[in-house]
């Protein structure tokens, strides 16, 4: 089948790389990871970001917390004139490989897999390479494959599920990498930060990372005390949030426990 | 934004409590728990209750079995004239706190979260309080948040999933507690019994609790024997249900094993 | 309610058995199990089978790999004139029992449960019998019940979920066994092979079993070497697939490691 | 691709016809059509048939009322080893043609199209033939094609929608005709009666046709009178259903209007 | 089946009426109707109401525009202990009748039908009465029945569809009227205003009706002129919104055409 | 809220235009329109394009057939840091305007609206301009607004539905125009041809337009004859496709009727 030059742009390996991604620092990664997705989401909400949660995906693994810079990969509905089987002769035209070449330590690969349940967008060999490159995790609005082997890699994965099918076996084709994508009804720009844990994954706009870290580091000093009281069934009206009436009691506890 | 007195009724703390809930007894709780959700559902079906199963939710935890009295909490689609951000100044106007104040040992909090996947209806601190109050479990047609911390509380939870978002971050607002709700396409009246385990959660109308316990305590004495035979691959036509032909064999086994 | 002779055909026990099922051999079962669902799916794709994956179901258990011959069971929307409650007087009219009578060692029971989430199509006793008969596993496009007991049976199960409801409590009735069914948008003919593991379950047409085994046994000899290199973050362009440039390096490794 | 004899059974033209269908009479058709789907559904509900409505489909046309005997056609998920492109060389192997050969005046063709929105199960030429054969209507749990031409045929059609794709272009293949099918979550046996109008389509079990007609012909004589009163806004408590207090008023009206 | 006093509260006719509903005036109704749902929605958005649109329903009829005061009716999942068949002996226990008794000229009945497609919540006779009472329209998150007759009543209806089934035939029971409901993921309080037309239906909080009318009556005087220019394909940058550069041209047109 | 330069790239008006679109000719448009979507889809299927149908949308209007060159517009999930309310001060930053500036006679605007039912992506004024520019039609995987006015414009529209909400009122923001999009699970490249009618809309890759026209112009000369015979109920085996046995009959008819 003949294709025009214009459409070949998408079916062969990109000759020019996308613009380079500016990464968050290791300190920022560590800070975001310890804050966790729930507090990050609350703080972003206060800054006007209504819903930073990547909806519809959950941890496939034991949900170790991660934070890192988003690299992106976009799949589109397969069109046989744009994605041809014989292209496999040259693996370099497989676009989903290219996002992995760009991975640096601490990066999180985020994939728009169009919520498709019949396409395994990455398998064991490529995810082994992602681990080898120091990738922090994988976020897929769709499925991966080779799960029996992948679960032994120690790679944190958030996805919709697994399938034995390979990435272009049914409805999808890879189309772009490190361009803006939609993932779980959230827009992700390469260079945004990702925070993911047992609650799910959230996107932190690159421009807001420092602000989120700053406001999240102000903890309520009484939180540990209140948690203990609530666990005992004490009156929540008194202890959460800490009432003025209970403050002396908290302060006595803090002194007694060396806080 | 101005709101009328009528609508404020729903956005401020209730001045009058709902009618008190009549609870099932500890004996009834223990009996229902040991019967399990599958037998409870079958027996209710025979009594004319077509489908007591709360559809669409599963255990988030290891699915310890529970039974208890239902307290209810209802969320509704958020309307910004009825639920305003500055209300947070006074935590007492947060209706979802009020259902927790009412919890007694053995109660199960059942939440109509409208199957919403972007609202974390309870988080760690409030669920710590639920544990502190002796709550038996939590049933949510929707999501909770703070899962990395909540999973260590030992609270049995049945829900659709988790999200980092807080309860009113996106589409919902709490509206009523201890009023009739729909949860997983099942109507729950405060004071009904809940039985939940690895199969899911079922609602037992308060008026049918004794009847369900009475009919469920009549066990087939041959069940253990038949299970052993089926496990050996013996003819199911002979052993399940126990045929007349196999009854002497069963009785010999029962005598030999001191049943 | 009166029913015609024609419709009674479906509501009473079948007097004539379906045609006997031709099974795959134990060698074929072992071969398919070790190949795994991902490679099987790829190979079938190359043979023209677009999507052999049974979509929408996952492992309920720890996802031990299985392979075996498909026996089938079909549920249909319940019609009260065709399926009457008093039929329970005679358990032999329960069609879902009959597929179990036919089970031989290594068989996989595949059930079209119409993706229904309110019908528990098999429970503990019948699945105990399936284990006793040497069944290799259970594939259900729908739910099972008695999960607290079933998970201790050691039976590999792929399904949509669990429910406390029994099989005909709500919307379904068993209708046929060992006839062609649709399961997870895949057609299954009795006698086809099933391969299932952590990625999901796939159907191998009986006529293609030998061909799949033949082509799948040709492994890339360099795969273990490449995996090691990728795990170290070495250049994927060089090692996966193995480039001509890297072949001497691989061969040296192979000699050194006695491959 | 090679296929076994067993699977060819489904991919070639049937050599043996299914059992002949016993039809309802023209009088029965006329009676059911004048009763309408709403009353038929209510009456079946009283006889124990919970939900005879074919859910999910609506009239594509102006929804002229029809009633007739159901002939059935079943589609299944396409499997390329069972349905091969080169079969088109002989049109007689196209199973969906065969159900049309069987059509007699007053028949309704009912198709299990698996709710698929990408398969146009019949087009203009075959539906022209259905009209030519005197078919009363078409019920499709799926789509038809050639709508610009089909809408001029005057054939009443209930379906999910339209698509330009042909019947086996994407996911489906025809599999059986005049065998039991599920259509819109309702089981249809060849020979059942279908009643369809602006409310939708319902299935009347063949064995219940006479009973439905008998009970539906008893009309409330006061209904026309009550309708007039309700239209005037008169008290519904008095006139619907007709109260004893209003009966003399009704009787006077009936006399005055010659009823 | 025995039911407790508490649950009977919901299954018998209410002895006490809900609090009376305060209605919008005829002037307000006329103003809202002429503004239309699109402008109303935009204006509410500017006032902080994010999404007043009742999602998922459309006009069944030719979509004449309406505006009126909302009366509400709530359906809940059917529970056979709370809703018993023999209650039909007394039609007054049918709660859906009671909301109709309360209808005054210009009222709009809004029904939470839980998006159910198998329950026809109102039929011809009751909707005749709604017309007789001067009801302005009907909004149903679910289905109605008797459509062949209802479409001749001239009653504007927005709903999900039609079904031949009656209101409690399958999964629902009426539960409350003139209490707050959710309809199409929007909260409706009795006394709110409803505006519905070809775009759909929106809810205007009672407290915001005057404000919406006030801000919507300020029209751009140049809109008619711009529409004419756009229709001619003139530069949208110049004419919509009207640029300063084009204002003299507009003013000349206005003078020439007597505006 | 602060945003980086990088993210502003998407929230302000593009300074550089996308590459110009190469259009199909008027002759090609006329040819494709007369062929119709059903034949186009079949022919593309034979050329290896599995499913060119834009799934999930239908004609809002009377479904006049159209064909034209695709211009594209892409919406993405709204992120408040990327799309700010005060941007409305300058209408030129509204990206959905820009695709209209590019419209020439015979163009079809195709919009990826992410299947969203709460965003009205175009309204009356902009669609008036589309008509003024000579646009052939509008294809939206989502909703439009102002339907009461739009339906009078005479613009053929295929969409999921209507809503009173404006384009960025809830979840979406415009992001790009004349770049590749996914619409109804089909990839559309600017410059592709669109054919739409009562069956729905299909995408013809620009490179295949001539080929589709060429193969579709070969009509079966006997089709009109066969249609007449089928309409009379004559044997479909004889007349469709025309059998050799019936060819003399056809030829006699053709001579008699001057074909």
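Points worth noting:
Per-chain numbering from 1; labels A, B, C, D, E and F assigned in written order.
What we mean here is this: contacts are C-beta pairs under 8 Å (C-beta built on N, C-alpha and C of every residue); 3 or more make two chains touch, one makes a residue touch a chain.
All values derive from a computational prediction rather than experimental measurement.
The chains in contact with subunit E and with subunit F alike are D.
Looking across E-F, B-E or A-F, the pair that copies the D-E interface, with over half of its contact pairs the same by residue number, is E-F.
Relative to subunit C, the most remote chain by averaged C-alpha coordinates is E.
Distance between Cα centroids is largest for the pairing of subunit A with D.
Homomeric contact subunit B/subunit E is classed as same-residue, with over half of its interface positions used by both copies. Computed centre separation for the pair subunit A/subunit B is 32 angstrom, with centres defined by C-alpha atoms.
Chain centres here are Cα averages; for subunit B and subunit F they lie 49 Å apart. Counting partner chains per residue, subunit E shows two or more touched chains at residues 50. Viewed as a contact network, the protein chains fit none of the simple shapes, being neither a path, a ring, a star nor fully connected.
All chain pairs that touch, listed by label, are A-B, A-C, A-F, B-C, B-E, C-D, D-E, D-F, E-F. Residue ranges of subunit B in contact with subunit C, taken from their complex: 36-38, 40-42, 45, 50-51, 53, 55-56, 58, 63, 65, 197-200, 202, 223, 226-227, 229-234, 236-237, 240-241. The residues of subunit A lying in touch with subunit C in their complex are 91-92, 97, 100-101, 117-118, 120, 123-126, 128-129, 131-134, 145-148, 151, 161-166, 169-170. Residue ranges on subunit A touching subunit F, taken from their complex, read 1-4, 6-7, 10, 22, 47-50, 76-82, 114, 171, 175, 180, 182, 185-187, 189, 191, 205-208.
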